[in-house]
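Please go over the structures that come below.
One chain, chain A, links the two complexes that follow: it is found with chain B in the first and with chain C in the second.
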Partner chain A sequence: MIGYSIKRFGSALFVAWLALTLAFVALRWVPGDAVDATLARGGASPGEVAARRDMLGLNDPLWRQYGDYVLGLVRGDWGESLVTEQPVAEIIRQNIGATSALSGAALLIAVTLGVALGIAASLGRWRPVRYGAEGLASLALSTPVYWTSTLAIYVFSIVLGILPGVGGEGIRYLILPAVVLGFHTAGSIAQVTAGSIRNAMGQGFVRTARAKGLPELDVLDHVLRVGMLPVVAVVALQLGFLLSGTVITEIIFVRRGLGRVLLTAIDNRDYPVVEGLVVLSALTYSAINMLADVAYRVIDPRVRMEE
Partner chain B sequence: MAFDAGRRQRAPVRIGVLGALLMLFCLMVGVVAVLLLRTDADDSGDNGNRIVYGLTLEPSGFDPHRHISSELGIPLFSVYDTLVYRHPQTMEFVPGLAERWEMAPDGLSWTFYLKQGVTFHDGTPFDAQAVGANLDRVMNPGIGSAKARGLLGPFAGYEIVDPFTIRLNLSEPYAPLLDGLSQVYLGIASPTALASYSNNTYQWHQVGTGPYRVEEIVPGDRIVLTRNDDYAWGPVFYAPVTGQSLDMIEFRFFTDPPTRSLALESGAIQMIGELLPTDTELLVGNPALQIFRVPIAGTPQQFFINTRRSPGDEQSFRQALLYATNRTAIVDAVFQGQSPLAYGPLTAVTPFYDPGVAEKYPFDPDFARGLLQGIGYQDTDSDGVLDRDGAPLELTMVFAPWNQMSDVAQLIQSQWRDIGIDVELIQVPDYPTLAAYAEEGDYDLISLYDFAVEASILNQFYQSDGARNWSGVSDPELDEWLEDAIRTPNQADRAQLYAAIQDRIMEQALVLPIRDYVNLNGASARLDGVIFGAHGWWPLLRNFQLTS
Partner chain C sequence: MSAAARNPRLAVALGVLGLIALVSLGAPWIASHDPRAAEPENQLLEPSGEYLFGTDLLGRDVFSRVVYGGRRTLGVALLTAGITLAPGIAIGLVAGYAGRWLDWALMSVMDALLAFPSLLLALALVTVFGSGVVQIAFAVGIAGIPAYARVVRAAVLEARAVPYVEAARAIGARPAGILARHVVPAIATPLLSFAGVTLSWAILNSAALMFLGYGGDVAAPDWGVMLADGRESFRTGPWVAVAPGVALSLTVFAINLLGNSVAPPPANR
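What follows is the complex of A and B.
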């Protein structure tokens, strides 16, 4: 188990390094830098532009910029924004709460709704229930977040006027964005749940259980135990979608958060901020997948046996 | 033993997967119910006359001395006073923190006589030293001023004549100086506050002398201003405080254009700029809202024509492009008719605009065809695209997506196809990419525009060594006129020079103007006294009133 943990930890660091390096290369590949985006845009003279670039170290050879940045990270120094000169760690600290609240709430909604829809779609007694649940899941998968967000704001805060839509903080402002984001994330959870339950229903142990006279509710419990296994993996995967989904929802619902910071930073070619966020999300993603693995071991004895 | 498994006793209470899911569901319903029943604290409290004002982009920074965005002036124009102001109606300069000023006959120094009894929000008294400290800061290369420093032009230093008199010295005469001093970028900040924070952190703790003080700035989230009740030194166009004046203004960022009208309609905000033209059409009928269309001085939304390569290097060709463009159709279709057509390198509300340009290029596709024929273009292979010496007439048009530019470009593409010009459209995501294209020179048309009340904005675009001379013009006479126009303080001389400059630019067809930029502001019908400063972008919050 200890060896396994070290291996996982090492691979998480590797993923973070890979993501960081890709971000570093991609950012320098696209034309322009932070000085173009901010200073030169205002028609500053070439001399001023060059001086600023020198000051920010953007004229250093790429390998040195890369080395400095990675060394800084190792020392726990995330650098500072090229545009606002705020330390990146501080920017993250200021915004991570809002983003965690949004993605946490959305995840709660996504899992509940997704599993409920999946069960309804696979075990529903009436055909309309099954079709309805399946339709809803497809809708969640096929409509863009952007569209449902705008629709939700229009319906709930303008026509009905029961929920605040945009620009504000506090828990009431969290409801609409979390529901929209959760709804979309629920789509694939529902589909995987439904598929895996159907699959489990056809297996031998169900017939055995019924044959030995187990009450139907207990049979259902057996089925769900098996059927829910792939769902854990999907939930972990969907967290990646959630993180990218927060970018759009934070913009549309005018919430503060890391997604918004990321978008602005990309526009401004604010390298340290983008790279810091990339590292952060790679680490988060690895950590979540590690947790999912552990959860897998807890709920599925077969995985433990194979080790 | 083998049979034990079958007889294994079950725990008396077993939750099971279904049970766990049910609990999760109940938990969620519970949380949502609590949230729905809870009333937000800020709904109940009485904050006096408070509005939320939507900003449309997150500026790359908030320090007016250092940063450049027009957006930062929306809150900060009311936090700072400037030495002089431009009157929003007459565009003339009126006293600000300076009660009067005079230019030396040689134009190389300006003396400002300052108001007495003015204090900053932190209690620091205002005097000539304070102005000096601000000039020192702006000129300090270490702060990397993106705009303020440029506004001072050939600034060469200052002398403090007495505690309330300061003289600014220039290395050469500079007519746009007063305009620079009237902008928020040269707002006078408290020297105490400047000294207490670093060049970088000052932006989160700004202290001025203006009618509103900064209560709180949370980067990426909000800016909160509260009224400065000691304010008694405002410019002539500031209204007196009444019971309906705003006590508190909270600014939030609405970067996604379609959400702006949603926020306005839902009452989440009481005012916002840069609405989409299509949304504005729909909002006009809403009795709870009002629309303010504010034309912005500066250059119109436009394309520069690249004169550095063929075929843009031929004047008749460039002229043909202008005749072939139906601007009325573009403004009607894309901007719902809510903008004036643009005819020249300056918008109609800009001082020194020359109305003479309006007659130059009426939409006349036949004339355009004639011009193209005159320089040897014909459709020899009957494929609908003109050609010359075997090469088809193909142009590359580069633009960024701001302000519906892609719709504009597509209409131009289809209008020009009618006369046999094939246009390839290249949309770039942002300014750095646009600037990279400009640097490479791989374009026939490229879109760029900027805002300023001073006609001297033309220098950076049309001087042969201008920082953004993207048409690649190199005309010694034009260079000289542009240079003279910023040295001559005499208004009549400047007017004459700028008339000649605009005439020359259009005669040479260096630019394809489309429409004058108009900021479409929406506001709650409860807001009275909505007015903007001379530079168009910055509201005079002091004059706003919230009626019930």
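What follows is the complex of A and C.
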């Protein structure tokens, strides 16, 4: 188990390194960055542009830039914005709270709703319940947040007037965006939950449990223990989706956060900021997946046996 | 035909998709107005006989824009899915069949790409490629390759472990022949099912980039662009966002239904 954890940590580290190298290469590849754009707009001469690039180390050989970049990442120096000259690490610190609150709340809603729908769709006693839950999950999967957000703001904030719409901070402003984002994410959690429970229901131990006269409630307990396992993996995967889902949600609900920072940086070709955010999400995502893999082995002894 | 009759989900899915394809292809005959013609005097009119789904902020007919929008939105999505599927299948087949260091190298790169949430990866790629329809298709398409390659590889690993493939290898059949004759047919069903997932994902993500304004042409009739327009005017004209939203959801819903009725979605990992 400990051996596995160390090995898994090693491979997560390797993947993260590969990911940030890819990000570095891709973003160095493109011609024209914010230095050119910002200084040209301000009417700077080509000489001044060159001097600024020199100062930022953008004229160094690529291997040197790469070395500085990796060392900087490790030391916590993530470079600075080409537009505002603010350190990227500081920009992230200022905005990560709002984004974490949104994705945390959305995840809570997604898991609760998704698991409930998945159980109802697979174990519901009554046919309309099963079909209704399945339909709702499909609806969630096929309605993207950039469409449900507008709808939700219109219904809850304009027609009913019970929740604030765009802008602002605090709990009341968190409800609508979290529900919209959570609803879409619940769709795939529900589908995986339902599929996995149906799969578990068809296995031999269920027949054995019933044959030896176990009360149906205990059989259900057996089924859920096995059926809920893949949900751990899918929740980890969905966290990645939430990281990108917050981009659109933050824009529509005019919220502060990393998503808004990212889009502004993309529009300005502010590469250090784009790079920093992309690397941050890759690191977060690798860490989450690693934890999910380890958790999987802790919960399910069968996976350990296969090693 | 009998398959559709026995399977009501399949029938519904095919019916809806057929209708959407028909409307998109026949857009010039179905649309009642020019989808790009702005008539400022007809700004934000409610749905009526003349303007079935109302008009938008610039006085353009929402119905005609939705009808034409399918062409652009679904066209981009098909191109996107193609950009995901072709390399995804190739990489998955090679990695799964060759094994050893090639498998390790390919899958390491795929894992590194998978570390980026797909929409974020697509956004980062749009930074590199710039705005435009084809650029969006490439950005979203490339972002989808790692997930598809992984699914293909997993299916190949399962297919090559069966005794008849082992037997074919034992009698000295060439790898290319084994792949084409035994492995590909065996993995066709899971791949087809996941291709459906990929297509609906391509629609949602490319429309998301259109919504965010990376499509270049902001006046184009396009469901993603229209949803962005609808967001601007939802206080006074909520109908502007409703029609493209319903069209988009209906399409994705039907594709998912089709995928589920052909084969159950593959389990994760």
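By definition in this document, the second predicted complex is superposed on the first by the 270 of 307 C-alpha atoms of A that agree within 3 Å, B and C clash if a C-alpha of one lies under 4 Å from a C-alpha of the other, contacts with A are read in each partner's own complex, and residues count from 1 in each chain.
One rule holds in what follows: contacts are C-beta pairs under 8 Å (C-beta built on N, C-alpha and C of every residue); 3 or more make two chains touch, one makes a residue touch a chain.
Remember, predicted model here, so these are calculated numbers, not experimental data.
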### Task
Could you tell me if A:Thr264 is touching chain B, chain C, both of them or neither one (first, second, both, neither)?
first
### Query
Of the partners chain B and chain C, which touch A:Ala233 in the superposed model: first, second, both, neither?
second
### Query
After lining up the shared chain so the two structures overlap, which partner does A:Thr150 touch, if you call chain B first and chain C second: first, second, both or neither?
both
### Query
Can A:Ile252 be said to touch chain B (first), chain C (second), both, or neither?
both
### Query
Between chain B (first) and chain C (second), which, if any, makes contact with A:Gly213: first, second, both or neither?
neither
### Query
Where does A:Ala282 make contact in the superposed view: on chain B (first), on chain C (second), on both, or on neither?
second
### Task
Please indicate which partner A:Ala16 is in contact with in the superposed arrangement: first for chain B, second for chain C, both, or neither.
second
### Message
Just checking: does A:Ser142 make contact with chain B only, chain C only, both, or neither of them? Give me first, second, both or neither.
### Response
second
### Task
Using the touch definition from the top, say if A:Leu243 reaches chain B (first), chain C (second), both or neither.
second
### Query
Just which bits of chain A does chain B share with chain C as contact spots?
30, 150, 153-154, 158, 251-252, 263, 269
### Task
In the complex, go through chain A and note every residue touching chain C.
14-16, 18-19, 21-23, 26-27, 29-30, 138-139, 141-144, 146-147, 149-151, 153-154, 158, 191-192, 195-196, 199, 230, 233-234, 237, 240-241, 243-245, 247-248, 251-252, 262-263, 266, 269, 271, 274, 277-278, 281-283, 285-286
### Message
For a test of understanding, state which residues of chain A touch chain B in their complex under the given definition.
### Response
30-33, 36-46, 48, 51-52, 55, 83-86, 91, 94-95, 108-109, 111-112, 115-116, 119, 150, 153-154, 157-158, 161, 164-172, 174-175, 217-218, 220-221, 224-225, 228, 251-254, 256, 260-261, 263-264, 267-269
### Message
Looking at the complex, which residues from chain C come into contact with chain A?
### Response
108-109, 111-113, 115-121, 123-128, 200, 204, 207-208, 211-212, 224, 227-228, 230-231, 234-235, 238, 241-242, 244-245, 248-253, 256-257, 264-265, 267-269
#### Entry: chain A contact footprint on chain B (complex, rising order)
16-18, 21, 24-25, 27-28, 31-32, 35-36, 38, 40-42, 52, 54, 58, 60-61, 67-68, 141-142, 144, 146-147, 149-150, 200, 203, 218-221, 252-256, 258-259, 262-263, 265-266, 268-269, 430-433, 435-436, 450, 460, 467-468
